[in-house]
Amino acid sequence: MILVYLIGLLMGGGVLALLMGQWNNSLPKWIALCTVSTGFILLLSFWIDQSRIMNTLLPETWMMEYRHDWISTFGISFHLAIDGLSLLLLVLTFFLGILAVLCSWKEVKERIGFYHFNLLWILAGISGVFMAMDLFLFYFFWEVMLIPMYFLIGIWGSENREYAAYKFFIFTQASGLLMLLAILGIYFIHGSNTGNYTFNYFELLGSDIAPNVAFWLMLGFMVAFVVKLPIVPFHSWLPDAHSEAPTAGSLILAGLLLKTGAYGILRFVLPLFPGAAQLVAPWAMLLGVIGIIYGAILAYSQTDLKRLIAYTSVSHMGFIMLGIFAFNELALQGVVMQLVTHAISTGALFIMAGMLKERLHTRDLRLMGGLWTQMPQMGASAILLAMASLGLPGLGNFIAEFLILLGAFKANVWLTILATCGLIFSAIYSLRLIQQVFLGASKNLDPIQDFSWREITLMASLLLSIIWLGLYPQPVINTVRPTIKKLEELFLIEKEYGHILINNKRIDSLPEKNVRQVKTELVPSNTHSYVR
Amino acid sequence: MNTPIAIEIVMLLAGLLFVLGIVGVIIRKNIIFMLLSVEIMLNAAGLAFIAAGSRWAQPDGQVMFIFILAMAAAEVSVGLALILRIYHQHRSLDIDKLKEMKG
Amino acid sequence: MLGNNFIALSPLLLLAGSSVLIMLLIALKLSHRTIQFASLFLFVLAFSSLFYAHDLFSHPIEPLLIVDRFSLFIMGLIIFSGLIVNILSYIYFEEKEESPKEYYVLLFLCTLGACVLAVSKHFISLFLGLEILTVGLYGLIAYLRARHYNIEAGIKYLILAAFSSAFLLFGMALIYLQTGSMEFLTIGQSLHSLTSLPPLFLTGLGLMLVGIGFKLAVVPFHMWTADIYQGAPTPVTGFIATVSKGGVLAVLLRFFIEIDGFRFKTLMLILISIAVVSMIIGNLLALQQKNVKRILAYSSIAHLGYLLVALIPGSTMSLQSVCFYLVVYVITILTAFGILIILSTKENDADDIESYKGLFWKHPLLACIFSVALLSLAGIPLTAGFVGKFLILAANLQAGFWLTAFVLVISSVIGLYYYLRIISKMFSGRGGVLLKEKRAYPIFYLISVIVLLTLTLFIILFGTYPSGLMYFVAYFQFK
Amino acid sequence: MDIFFYITAFVTLFSTIMVITRHNPVHALLYLVISLLSLSVIFFLLGAPFVALLEIIIYAGAIMVLFIFVIMLLNLGKETAAQEKAWLKPTVWIGPVILSTILLAELFYLIITAQPPSYNLQTVDSKAVAISLFTPYLIGVELAAMLLMAGVVGAAHIGQQKKTVLHRFLKEEEPQ
Amino acid sequence: MMDHLLWLIPAFPLVGFILLALWGKHLSRFWTAIIGAGSVSLSAILTLFIGLNFLSSTPADGHYSQTLWTWFEVATFIPKITLYLDALSLVFVFVITFIGALIHIYSVAFMAADKDYARFFACMNLFVVSMLLLVLADNLLLLYLGWEGVGLCSYLLIGFWYENPSNGYAARKAFIITRIGDTAMAIGLFVLFYQFGTLSIPDILALTPTTWHEGATITTVTALLLLAGGVGKSAQLPLQTWLPDAMAGPSPVSALIHAATMVTAGVYLVARMHVIFQLSPIAQMVVAGIGAATLLIAGFSALTQYDIKRVLAYSTISQIGYMFLALGLGAWTAAIFHFMIHAFFKALLFLAAGAVIEALNHEHNMFRMGGLKSKLPVIFWTFLVGSASLAALPIISAGFYSKDQILWYAWASEHGNTTLWLIALFGAFLTAVYTTRMLLLTFWGDAKTAVSHYPSKLMTIPLAILAFFSLFAGFIELPHNFGHLTLFSDLLHQVLPETILKAGIHGELLFQLLAMLVTFGGIYMAYILWYRKPQLTEKLKQSAPLIHLYRFWFSGWGFDQVYQVLLVKPVVFIASINKNDVIDKFYQGIAILMVRLNRALSFTQSGSLRWYIIGLVVGAILILSIQVIL
């Protein structure tokens, strides 16, 4: 039930902020802040509660579940559940949510109520995506987060906002609809096989799909997620969206929206279509590597600060793709780490870009330079973030990237070596960023404020988390371990017997049984009920 | 008493008339001519109904024709009223002058 | 028996009677307001008579009409649309130069025609219903007869409609020649044993499709749509988009089911091509359009394409999805046109997209309503349009029509652009041409807004909790 | 009998062609009347005497008179004829004619390949028509009444001459 | 018991860093200096304490180790934050903390006028932390943390005076080039992990001999990958080009990072992972080859520089080349010994050079110096000591002992051969030449620039201490024909294997004499060329081939230019032509296509009724055509 409350809280808070926005300009901010903080505290306490159990015994994969019939004619239910992965991403969502509210505290001066309405609804949509265990519901939330995001970019963005908003919306919508087709495909195939027409994720897990059909269905899912991630060559919406969005928009885009893509692959593509995923794995990894290098080179050539950061996201998301399709625990844990750390580090970079824009009224790198003199605090934070983004050990991103590469190395040596070379490029663009903005001769003679207290709090929380994740990431790893373990097991079996299934000549009864067994193990056998 | 007229021939006649009506509608400039041509088409359709009705020796074809007649009357009355309006507004019945909306 | 006939026909009788009654009221020189209220009352009466007629299960009135659940459903939809258009008409016509009274007579007649279409099971009633609707529409479209656009649209519609009627008639004649009957069921029975359609029948059907296609405004019979939508008074445009298309689609559906047209490859091929081309071309046409009414016209072409796609599998689910989508479409399009009506001024209809600039900051409520309607048309979740599209896709995939589903997806992505364009205009910066709300008629303004708000709530309700409507649609399913 | 039919058919076609090619509206209208009259003969030959009569009375009579009335009212004469003359050049009509020929060819092809069965021609007299019109199709008649009403109301509204026009396009037309 | 104090060694400077980073702005200079230099000094004292303890009662397993916490635990990969102190790391820790402390103290005075005082010490402290972690790491991942950490600090400190973009450029260059090596090293770590299932250094070293065959490809590949990391960090061929540019940083930075400690991380790595290298003769040969080539190339370049710090930079490259040579020869202890001695004298030289530069108001050009012998006596004498050690002045300088060992092994060890020995010998000659040249140009001759200020006590005392070590540190390890003292190698042999000599090699004394001769020859030649007969140099400069050669050497053998053309330019070019993302063009193309289609279709909506009717007819024709065709 707490899950429903979380979404309800955000949506309700949004509406309240919208209404209050008519009366008072600062009320919506406070409402939004309180709403998100409440959710955050709620989740955090639950997480801490859970982690105590986690340390002692291998917990159930599924921690909480809520189910209510929705459209019963189609077997659609309002079905939410969380496991470690979801929980982690939810915590991240609310954490960044708070920051998003804070970082737009001064930036947004117009239509504050509506702004916060959108902000909270995006968060609600994202939370929903992370919790939905019904494919229809998932798709529903998947789309719900788009519209407020569209408004956020389209209304509060900078000069070229409308173009960016369209592009964002059309890209994601197009790919989303293809996913809808795939969802329907699996729904009917499962239904006609078993007679049980349902969108329930757990029931669909065990379904048998002919390999060639599975391949196409998987592609349908993949397109949506890959566009969201985004992976080259589906990335071109991202630089525009990121650079035109307001700070909070960029933060949420980079920090959360992109993560839904990775989450989707982990949650749906791999468990639903293990065989097909195996089949495309080399290509997916190749795309990942291309993304890493292509994104990095593009990032290097940008002159727009936010565009530069956006392309670094493209590069970093390549690692995620690489890691996911390596199918082993190391890489998958790395992927999860990357989700979290990239969210924080790139989010922080965007916040910083927003602060710079507030002060300098430009995002053009060529107009910046030598800002260290006036803003040493920001400069230091920027260096730390740049280091995070180039994967300096001791910061969270390093662990993520290292684990991914380590895992991927097992799966594909040459691609991993190429990907590792991406680390060099990441150094090149990160240092260029620092050089252009903070070092060199000062080009701006007007006095510029360094961090205010609000900004210090914002930054400090992000920087501390990134350092914490770099030095002691175990809580994160523990939280998602059961989920990742199950995924890995699935692939071990699939790998062993997969070729038999793929060639489909003669399906040995024993291995098939094994596969199904593992698949069904992903289903909660005895869900803890934490419903209070 | 009657030798049957081949039904194909009648239908072909109806088809010819129908197509002539179409040609008329397309090539004429004056709205009145277009209306006239539409009447030809409706007549052709009526002929087809009559032929079909007589093929089955049923009155239904004729009934249908009567309704077509009614429709033609109603339509012509509104159409002519519109023509009057157009003439008032444009001082001409040139259909090519009625192109204000496009795109 | 006769009593039952009366009960079954009560909606039609009431509508016909209403038109006469209104004429009498006009003769008594009553005010616009009185007539508006009277017609409102009469519409409500006609609508409620449906519940009365509902007790009869599948009541045929040989040989022309049949009142069954499906026709009741469609009639309900039609009368409901008529009702909404009627309410919205007041503030539109009150400030126009024409005496608005005859308008109501024609409105009733057109609604009657559409209802006849919904209940007809015979070519004669089909033809008559269609013509009542069409001839009524001639009057309605050209209603503001002093305006060039109105008259131009009127004559265009008249010539084209008569032209396409001729095709329809010729096609019917051919079918009649082939089968010896004009009743759907008998026609169906004569085809029962056949696996492929006889050429004469097919030709007739092809020619009929020209006529029907024209009324539905599907490609390649779509070209009139934009001009007529733009030229006609806005309430009438809304009426054309909903009532006229709903009625025609209903009769098409009935005809197809009775003859079981889904068996015939050629026929399906034609339908699929029409649907596919409609979706794509409709959306493409609207892409850069600057006139909102024209945009809605082009979007309606695409939506009719969607409806045809929904029809194509011919399964139970497909029919349900047609009905569901029809409801959604009607509600949504009425909402959209409602906004246009409210924002129209005495001189101008609010159809220039530039005039919507910054609407949100001036009239947030109206802008929100309009946005919801547009998003529903675009098929975005939380709105009913999404569920509708979902059902269509589901029906298609269930039957294995991947191509049509795919084209639907692609074209709706194209379509997204222009809906977003309007929305982003509304939310973009202040300024732009000032659009006035019609505060001059506070009561009717309030009523209109409340009506639109209710419709919007329905859009959202059906989008978030569609089960109710699904059951409803399934209950009123054909057969 | 056949010959009679063919002659009438020829007359019909000829006069119809004349209708669509005449420049003067009155001439065209008169040809149309001829076409309708010959068509009514064909109706008669097809065993539909009642409808043949209606064709003459209503179509050739009433409706055509309406046309003539409007043409006279608007005083369409030389001017229109000149306009049409200037317009009707081969470049204009060749395309539509080709299109229509294609359509015609397809229609012919489909109709001829259909091979409808032979039959015996029977006269369906006015009584049979009346009976079917007023028993099963009674509702149709009622509906036709509504149709006519729609036509009348529409025509009356559009056609009425009332100068209460307050429209920007027409402001110069209004002295008051 | 000492195990538990291990964490304090890096903790002191870490605390210093945190304090300075967070509150540096608000601290007075005094407190900044106290925290900055004090923390490192505390570490140094603690190191002495622990070191003595270690030496006096060496634990049975040869090391102290302390696990602080488990870094993370994924599947079987469980790297821990464990500090591990054995003899090898002890030497390094000692050098780092001790020299570090001296340099910090020196910096208190040297940087006194700088506005970013706190930032300087913060970075320096952070550097010490990272470097300590590097050498104390128990597993390769933690080592990698230190490895990258020192890279970061190097970057920050090279670019310390950030207003000048060229400093920033040098800093970036340093970071990126070392990063190339690091990347290869990371790949090496992957290989190791999949071979051994762990990254723990002791485990790997223990498992290697049993798992891998000598000369197996995997061994060589792994060794080369690790070596690549070392080559990058230690500025060896072909990744040496960053170090001369790195002299843009303040002199203490050059002393600490780019001479004494960080650049020798590669040496540490190879020594640390010596088991792997031992198993791969090819790799070992490559190490020796790289070392030999580097020392020669850098020696020539050093000969031509006029910036005093660049001379020292090239000499550093060259000296590290010697260390690599030693490593390649299997002379593990000799390499480490040379590392330690080099740390002393090179730190000394840099600090002294820094003092000179500051005294001459930031004049780097040696040709504008001169005659400082009498004006800056303390500096002169310490510099002289350092130079002597660098030039390996026989008997009295520590450098002699360490370098002589390497020369000897180049001949005598089982991997040694004549070529290597000749190169090493020639390198020694070059060293003597350029060292003497530097000395002569700086301190002898006429004064060309006035001395603006004089070094304070805080600067001279560290110099003196370092000078002491530069002279006498060599005596802990004496050749066997000359005292045969092996304190240092005994200590290290706990960790590193003994050098295996070829059978039947004699005549060590002969080689020593030869080396001495070469050194003196070098000194004399420099004396002739740059002091006695400078006109000779001028004459030589007239000849065209020589001038080209001179320029070639001066530019560091053209490596920079080659990289510029082969790597930098193409990448920048690709980046610049693709700035607007060619893939985006594809999507824009789709959008444009849609717009075109829209225009074309809008054209059909001409408003002409006739046209619409034709459309209708065409539609009918199409439908009928479908029927006719099918």
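For clarity, chains are labelled A, B, C, D and E in written order, and residue numbers in each chain start from 1.
In this text, a contact is a pair of C-beta atoms (placed from the backbone, for glycine too) under 8 Å apart; a residue touches a chain by one contact, two chains touch by 3 or more.
Remember, it's a predicted structure, so these values are computed and weren't measured experimentally.
Both chain C and chain D are touched by B, E. Of all chains displayed, A has the C-alpha centre closest to the centre of the whole protein C-alpha set.
Chain centres here are C-alpha means, and the one lying farthest from chain A is D.
Compared with chain C, the chain whose C-alpha mean position is the greatest distance off is E. Our note on geometry: chain B versus chain C, Cα centroid distance of 27 Å, whole angstroms.
Mean C-alpha position of chain A lies 38 Å from that of chain E. Measuring from the averaged C-alpha position of chain B to that of chain D gives a distance of 4 Å. Centre-to-centre spacing of chain A and chain D amounts to 69 Å, using the average Cα coordinate of each chain.
Not a single residue in chain A touches at least two other chains. Counting partner chains per residue, chain C has residues 124, 128, 131, 135, 138-139, 142, 145, 148, 154-156, 159, 163, 174, 177, 199, 202-203, 226-227, 289, 417 touching two or more of them. Contacts with at least two other chains are made by residues 96, 99-100, 103, 107, 110-111, 116, 137, 140, 144, 147, 150-151, 154-156, 158, 170 of chain D. Which chains touch which is summed up as A-C, A-E, B-C, B-D, B-E, C-D, C-E, D-E. Contacts from chain C toward chain A in the complex involve residues 361, 375, 380-382, 386, 390, 393-394, 397-398, 402, 405-406, 409-410, 412-413, 416-417, 420-421, 424, 427-428, 465-467, 470-471, 474.
Put simply, chain B touches chain E in their complex at residues 22, 25-26, 34, 95-96, 98-103. Against chain D, in their complex, chain B makes its touches with residues 2-5, 7-13, 15-24, 26-30, 32-33, 35-37, 39-40, 43, 46-47, 50-51, 53-63, 65-67, 69-78, 80-85, 87, 89, 93-94.
On the side of chain C, the complex with chain D involves touching residues 9, 16, 19, 23, 61-65, 97-99, 102, 105-106, 109-110, 112-113, 116, 124-125, 128-129, 131-132, 135-136, 138-140, 142-148, 154, 174, 177-178, 198-200, 202-203, 347. Those residues of chain D lying in contact with chain E across their complex are 95-96, 99-100, 102-103, 106-107, 109-110.
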